[in-house]
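Quick one: the structure is below, questions incoming.
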């Protein structure tokens, strides 16, 4: 029974969210929350099952249509994919519970003319389906379709904010996404033209063995694909679209995008770079690392300067994504100890949990105060202690302070960099942590400020209460990002480390 | 030179021109044209290169059909958003970089 | 899991779990919160006593938990750790009692006591850390848990103080992190070992080891408030008095000093450190800090600030003792770790009493306060005399051992530093005592909050803790050779763990 | 400056790639023989349709999801009750247009059915048929015979997703004993026809929706 | 040069020309028209590449549906009286 379920886990992780998305759409605007949440819980169970199986029995395969690559499309889940699937289902489930409370509150607000939650459920469910499909696909053209599914769903979610800035942000995001997937598609076309297949399993040996005449084209293809994906990953300097899109959306959307969506394309960069494209791209590994380091410094600096709370959190994403790239040159050199990819995955998971919690907390704070400046959070420690605690816990993970998952990842990254004598990376990682502390404590110390009595009264008058379920869902995410550092490191690193 | 290779090369030029235009052009409708042209270029390369020996290859042809549907989807969404932005602000271009940040 | 593994965990949990429970408690659940606090504090004392008995009998306690392949959280309760654990545990109980009285009817008590318990947990974690990784985890946790306490009052001053505190401690944490990971990448071993574990690297890695030593000491030196890393301490005095008493007189600064001891003795080893020429500069910096803090204390009119500078000076006694090559200085440093903690919390309790009862914040307002609040002032006087190193006080014992240690180590100049410091101590404490006892009281106090009720000059819960700690300091001074005294324990540590032969 | 840099980069890229492509040898893997072998088992005779709905049917499944997502995105961009975007359709001035539309629409339906059916053997198929139907719907609207959609009703919503749900169901059913989309050999032709029929209707509605949801009759014609 | 190759070359040139027009011609309406022409030429190119399925789809969608959508959008944003910020048609 369990064995059969594991066999089904791969396709079901795609079919379930697709079905619930379609049904949620049929149910009509603003409806379908329970359906999507139930499906999401089921998916989480499947992902857990999958991770457990992979941990003991190795990667899991599923040949769609029964043809098998290269004619058909294969689905493959290894430890890395399983970890990302687990992250996606877990964060999505918590955020969906959060979103139900958040949008429920929204819909009672009469002067909010465009309730952002009208089409949240089908779109979010399509988004999760797209990401799951992306993590499982072993076919570079199929990956293109999943990228488009994720990209368009994310653009739709950004636009759901309804305001002019959100529409502009959605358009900016759309054009960036299309440019990125366009470059990726041309890369796929060139690889197919060079090798006659779009299956990663077939391409990997073919690229490794290819003649010089082929490799020029293949190199262009590889650079195109990676550049396209980096645009979608918002790696500095391609980050221009991210802050408005993530900073301006409704809180559940920002959280989904920052915690999960950018990770999908980064996952693909890693998977392709360290997989089939490795022979072509090996000399370029320092480039993403330098960009990642710049992202850490630039994003942190922008976050320190940001006036708006959610923009601060969005720039923090720009910075934190940098950590996922700086390990790329380290991954090439073989090292004893923990596999570099596993460390990057740990960082991705820690950031996903923490950032989802932080955006959710920021959303609750904005909801309660009705204002969005960092200076407006004064007095929050008194009014929303749980949410502030959530924000702080998430911040601890982002700063890389113990005992969080972010800390563990940072420790291992520094260890890795030192082992290879890359002192400049150590400096960047340490500096990034300190800069993160500056922007996060900017918020926290403001939150502890007392408000004059009169203002407290006025705040209570206009306060909009966010349901407790939303607050607790956000807290659960933040707490997980901390617990990850204590209990999640060993299983996660073993799951991923064994696979790549 | 075969038909396939010729159109693959045409596709490369179309892609480069479309991508450059996507980056350079301000008017939103023209950006939609640009990314469609860019996508068409990529599709031409996909089929043309696969058929550079003159024999039709149904696999990339089917992929291109998928690609066209995706392009239509993106076009429809982009146009809807453009019209919405215009209805809200009267603008037909995006605000300058970063202007919509704050 | 055996009992010997479980016990350290229980000691940690006895403050962690009540702390977490208190966070969730609604503000108005006053009795339940007090109950939880006291239960935790008493339970911890009971558990720590069990540890004490066991360790004296030669049992070893500890457990480990892997957070990543090759990376472990290691807890152990050795004699040195227990010295610090016992100090923190006893003072936690007193401070909790004090804080319950101090914060009566104040807002945000759930938050306060929650973070307070977390701080104690972090301190215990530091004391029990069995390797540098664990030490770092709890060291940073302590930073995080104290931040809300410093910012607690929610005034712009508190915000600024908290910011300065963070800037210093996080930067120190970064230095510590770099040093630890660097060291680990060289040795693949971070477990504290008596005699150190870096000696194997010695021929060839001298400059690297010196750099790592500087990073590590700079990291812990921030919390130990070694000049020039001391700037946060006076600013952080905006925190409520119980916080100053436990955290800034004991937990935080002692965590730093304790870190110095661990690093010198159990990472580098005193012989290796001496061979690398690291001890003399460290002693010099400590001596400089001792004088610097005392001089600055002279010019402070705010009572808590004067105490803060005094802390800066006194904590470096411990560092100085550690940096003295030889057993006598070591014992002096270790015993001062306890003595200074007991005396300095007495002083902060008393200062809090003056502020809370009469609104006195400045030395210049203390005229005749001894007549209005005799009990508090007696406690204050005892502790102040101890700080000066007056005969028959705990402070005299520390200073005697430190002085002997300096002579034995051939650092005669350090004796002069100690003497100068004692004179300076007298110069900034004696005027206070004179004002308090011999100047006439003013016609009215700045802001009298609590009226005298019979024998009680202030709230009972505010009065008891300083009297208890003062009594403890007195006992330590009068019965230094007793079985349960810090001195005996410090000698045991020096003999058993560092193999030093003590006189 | 930016203009020059981007243009130069694009030009350089094109030259680099073209020069590399001119020397590209033949590929080692060729899927054509493999596909030729698979055609008899695929349930359709036309190779492109076989790839689209059988060997790479999974792509198509996700592609329909992309279209639905775009449609939802359009719905988001057209909030209900926004007067600027959903006005009453103006009747055409010219009576010729409606008459033409009335004539063309049934023909289009007929032609679409043919294209759909032909797809099994020769060029054509669900998407092309749907595009024809959608064009007919748009024409009917332009002729003033059908209204622009403001917000889709339940019936319309079901129509929009029915094809996708049918596809999903047929894709998932084989999981009971085999792989995703692994049609039972006996039914493969029929199942593909069912999928294509469902998709034709839904895709036609989706494609038409991209236009009809936005159709704005407020301006001067 | 065979006539087929000549035709292909002409078609490729026309494709590039129409794409250029679509992106560069100052008048937006003409640009859209050029784009529809581009779509039709693409359909022809697909036919030359023995891809009648794509040719059919391209003609129906690339030229037809996209064209209708684009012209409708153009009309919508052109006819708005408040398009004061319209800085677009210069490209």
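We just call them A, B, C, D and E in the order they show up, numbering each chain from 1.
Please note the rule applied: contacts are C-beta pairs under 8 Å (C-beta built on N, C-alpha and C of every residue); 3 or more make two chains touch, one makes a residue touch a chain.
Here the structure is a predicted model, which means the values were calculated and not measured.
The set of chains touching chain B and also touching chain E is given as D.
Any chain that touches chain B and also touches chain D is listed here: A, E. Here the chain-to-chain distance from chain D to chain E, counted in touching steps, is 1. Think of the whole protein's Cα atoms as having one middle point; the chain whose own Cα middle lies nearest to it is A. Set against the Cα centre of chain D, the chain with the most distant centre is C.
Using the mean of the Cα atoms as each chain's centre, the chain most removed from chain A is C. The mean-CA centres of chain A and chain C are about 43 angstrom from one another, to the nearest whole unit. Taking each chain's centre as the mean of its C-alpha atoms, chain A lies 30 Å from chain D. Each chain gets one centre point, the mean of its Cα atoms, and the points for chain A and chain E are 37 Å apart.
Residues of chain A in contact with at least two other chains: 141, 145, 148, 152, 155-156, 159, 167, 190, 193-194, 196. Contacts with at least two other chains are made by residues 51, 53, 57, 61, 65, 69, 73, 76, 80 of chain E.
Those residues of chain C in touch with two or more other chains do not exist in this structure.
Every pair of chains in contact is given here: A-B, A-C, A-D, B-D, B-E, D-E. If you check the complex, the residues on chain D that touch chain A are 16-17, 20-21, 23-25, 27-31, 34-35, 38, 54-59, 61-63, 65-66, 68-70, 72-73, 75-77, 79-80, 151, 154, 157-158, 160-161, 164-165, 168, 171-172, 174-175, 178-182. Per the touch definition, chain B reaches chain E in the complex via residues 1, 3-4, 6-7, 9-10, 13-14, 17-18, 21, 24-30, 32-34, 36-37, 40, 43-44, 47-48, 51, 56, 61-62, 64-65, 68-69, 71-72, 75-76, 79, 82-83, 86-87, 89-93.
The touching residues of chain A, when paired with chain B in their complex, are 141, 144-145, 148, 152, 155-156, 159, 163-165, 167-172, 174-175, 178-179, 182-183, 185-186, 188-190, 192-194, 196, 198, 240, 243-244, 247-248, 307-308, 311.
Only residues 337-338, 381-382, 385, 389, 396, 401-403, 407-408, 411-412, 414-415, 418-419, 426, 430, 433-434, 437, 441, 444-446, 448-450, 485-487, 489-490, 493-494, 497 of chain A touch chain C when the two sit together in their complex. Those residues of chain E whose C-beta lies close enough to touch chain B in the complex are 4-5, 8-9, 12, 15-16, 19-20, 22-23, 28, 31-32, 35, 38, 42, 45-46, 48-51, 53-54, 57-58, 61-62, 65-66, 69-70, 73-74, 76-77, 80, 82-91.
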